[in-house]
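Shared chain: chain A. Partners: chain B in the first complex, chain C in the second.
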Partner chain A sequence: MATDACAALGPTRGVTAELGVIFTGLALALGMLWGKPIWNVYWTWDARLITTAVLFFLYIGYLALRRIPGDRNQVARRSAVAALIAFVDVPIVHFSVNWWRTQHQQATVLRPDLDPQIHGTMAWTLLWAVVTFHLVFVYLAARRYRLAAIEDHIADEELDLAVVRRRSEDDFVPAERRQVPVLGGGA
Partner chain B sequence: MQNAVYVYSGYALTFGVLGAYGAWVTARARSLEVDLRQAKHDIAIEQERRTLSAEDVDGSIRAAVDLDGDGSEPGVHGDGTSAGQVAP
Partner chain C sequence: MRDVWRVARKDLLIEWRSKRVISTTVPFSFMVLLLFAFALDPDRGQLPIVAAGLYWIAVLLASTMAVGRSVDIERQNGLRDGVRLFSIDPMAIYIGKVLAVTAQLIFLMVVLFAGLVVLYDVEIVGAPVLIVSGVTASVAIASVGLIYAFLSGTGRRADMLLPVLVLPVLAPIMIAATQSWEAGLDAGTGGGWDWVGLIGLFALLYVSMGMLVFAPLMEDA
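Up next, the complex of A and B:
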């Protein structure tokens, strides 16, 4: 029943995971551009950076898993299990700067003591960026979801077309030429 | 000045990647909509063809072959009745 519910969700087909790859990839790339003038290096083996890179590869792995052919319910089930396992990395990314001594600065907004340490102008800029990127994400997800729905619709239509063609060919075969299987091996 | 290069590179990367992805999704959706219309059209044509061919099998094509395979005229039964007629 649960798998039926997963299949009924339709053509989600990793739409948000695809966007996750793009947004996480952007976060890594933009972080590197920020790191060069501030840390004087593009990349360092820091807990926050590593866990974020792991998240990026988990998204790619998830999308690769979804592409393995199989029954729709099977794909939905194994993808759901993979997503649950992969999600473990998300809190690790967030708490990495608290759990380990890192080059990356400690939490400034969502601190354990609930006392944000961020300048007002930066806070508003951050809030603006968070809201804007969420809106962009929702917009792109809606567009991508629609594309996935069309792809599914086409797959169904092509299947219908193949069935119609098969039946159509069948109609042209005269009854005398139709091969009737002989029961008992025809001996 | 040096920092400005990184800042504008970041803007270019962000708008470039998100814009390219959005453009790809939109273009592919439009292209597939054309394919979908074509597929629906093809199905309608095939169904029409199937209906017509079924009528042919019942009518003119059946009438043009030797119905009994007994050497009689095409479209005529051995008892002299033609396709669709019942022997008296």
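Up next, the complex of A and C:
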């Protein structure tokens, strides 16, 4: 099963989804700050804003779902399904500016006719920002992944430690010498 | 195909005998309509303008109860073992349950619509748009709602989690359904059928996705 292979990868634990929520939240927050001087409002009921906000809440729900305890495969399978459904919103966000008349301009770079309409210096700034944010994302994902691995490690160590401690207690009887009580049998 | 009808019939029969969904969703959604009317101050004549939106909010909130119940039935009766014993195709179970929940939602919508006409004083100008968009929207709500209800498990935590998970996914359907209903209730806005098309697209998308993911999901139901 694909999900078993995913579980074998280790503690992915929705690391990228957490970062995705942060980045989507940043996009909304920074966009609001930009909107106030340019549009004179922080928020307007515009198709792209609504679909992006929906995306934000979809992945918050995804993270909530991940927190439901269960064995690793179960969590992986559940989360995969939820992520799959939530992804439906991503193309809607992208095409929202073409499907509805919005405050945002229509697509400038990824246009349907593949002819980018963007000025040179702006294009370079955009490229710079895109690359930088991707690098930040990769860096944060690597750090968060490491943290998740350490958390798993600690959990394992604690279990081992608890076993050792229990074994060293006076009343501990190893499993092979333990007397199994017989149901209905008199003492 | 026969199994689809069997599952749907079974769910509807359980509902007919227990009346658990109807007895909670109908009063609940009526309360939502009444509370909105109180909050928006009925004297100012705003209610007919916002009626479509409020109607769909009430339906959406009530639908989370209906899908939750539909999954609860299976949990109580050990769905996984039953499927293994009778070798029913999981896809047939999914479609059957979608049909049953759709039927319950349509019943709720009809009753609630009567309430809307009486309480909110709306005028019907395009009955076909209302009916078609209502039916397609309930298919879409039932199909995606069921997947999320299976995902979120049972118990108190599931009751809290399900609305958080499912309401954002249902938001596009609510927007489209509200727009088409505004066109059907008030001659002011046209283009109701475009929105019906969008709901249909979502219904198709959600049903096919549900058919794909339901079998693996059921393994840990």
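Simple rule for what comes next: the second predicted complex is superposed on the first by the 172 of 187 C-alpha atoms of A that agree within 3 Å, B and C clash if a C-alpha of one lies under 4 Å from a C-alpha of the other, contacts with A are read in each partner's own complex, and residues count from 1 in each chain.
The definition used in the following text is that a contact is a pair of C-beta atoms (placed from the backbone, for glycine too) under 8 Å apart; a residue touches a chain by one contact, two chains touch by 3 or more.
Worth saying up front: this structure is predicted, and the values here are computed from it rather than measured.
Steric overlap between chain B and chain C is absent once the structures are superposed on chain A; the two fit side by side. With chain A as the common frame, chain A serves as the apex of an angle whose CA-centre rays point to chain B and chain C; its value is 120 degrees, to a multiple of 10.
Residue contacts after overlaying the shared chain place A:68 against chain C, while chain B stays out of touching range. When both complexes are overlaid on chain A, the residue A:101 reaches neither chain B nor chain C. In the superposition on chain A, A:166 makes contact with neither chain B nor chain C. In the superposed pair of complexes, A:81 makes contact with chain C only, with no contact to chain B.
By the touch criterion stated above, A:58 is placed in contact with chain C alone, chain B being left untouched.
Contact with chain C, but none with chain B, is seen for A:92 once the two complexes are overlaid on the shared chain. The overlay of the two complexes leaves chain B and chain C separated by a minimum Cα distance of 25 Å. Contact residues of chain A toward chain C in the complex are 1, 3, 50-51, 54, 57-58, 60-62, 64-65, 68, 70, 73-74, 77-78, 81-82, 84-86, 88-89, 92.
Listed in rising order, the residues of chain A touching chain B in the complex are 22, 25-26, 29-30, 33-34, 36-37, 136, 139-140, 143-144, 146-147, 150-151, 153-154, 157-158, 160-161, 164-165, 167-168, 171-172, 174, 176. Those residues of chain C whose C-beta lies close enough to touch chain A in the complex are 144, 147-148, 151-153, 157, 161, 164-165, 167-169, 171-172, 175, 205-206, 209, 213, 216-217, 219-220. Of all residues in chain B, only 2-3, 6, 9-10, 13-14, 17-18, 21-22, 25-26, 28-29, 32-33, 35-36, 39-40, 42-43, 46-47, 49-50, 53-54, 57, 65, 69 touch chain A in the complex they form.
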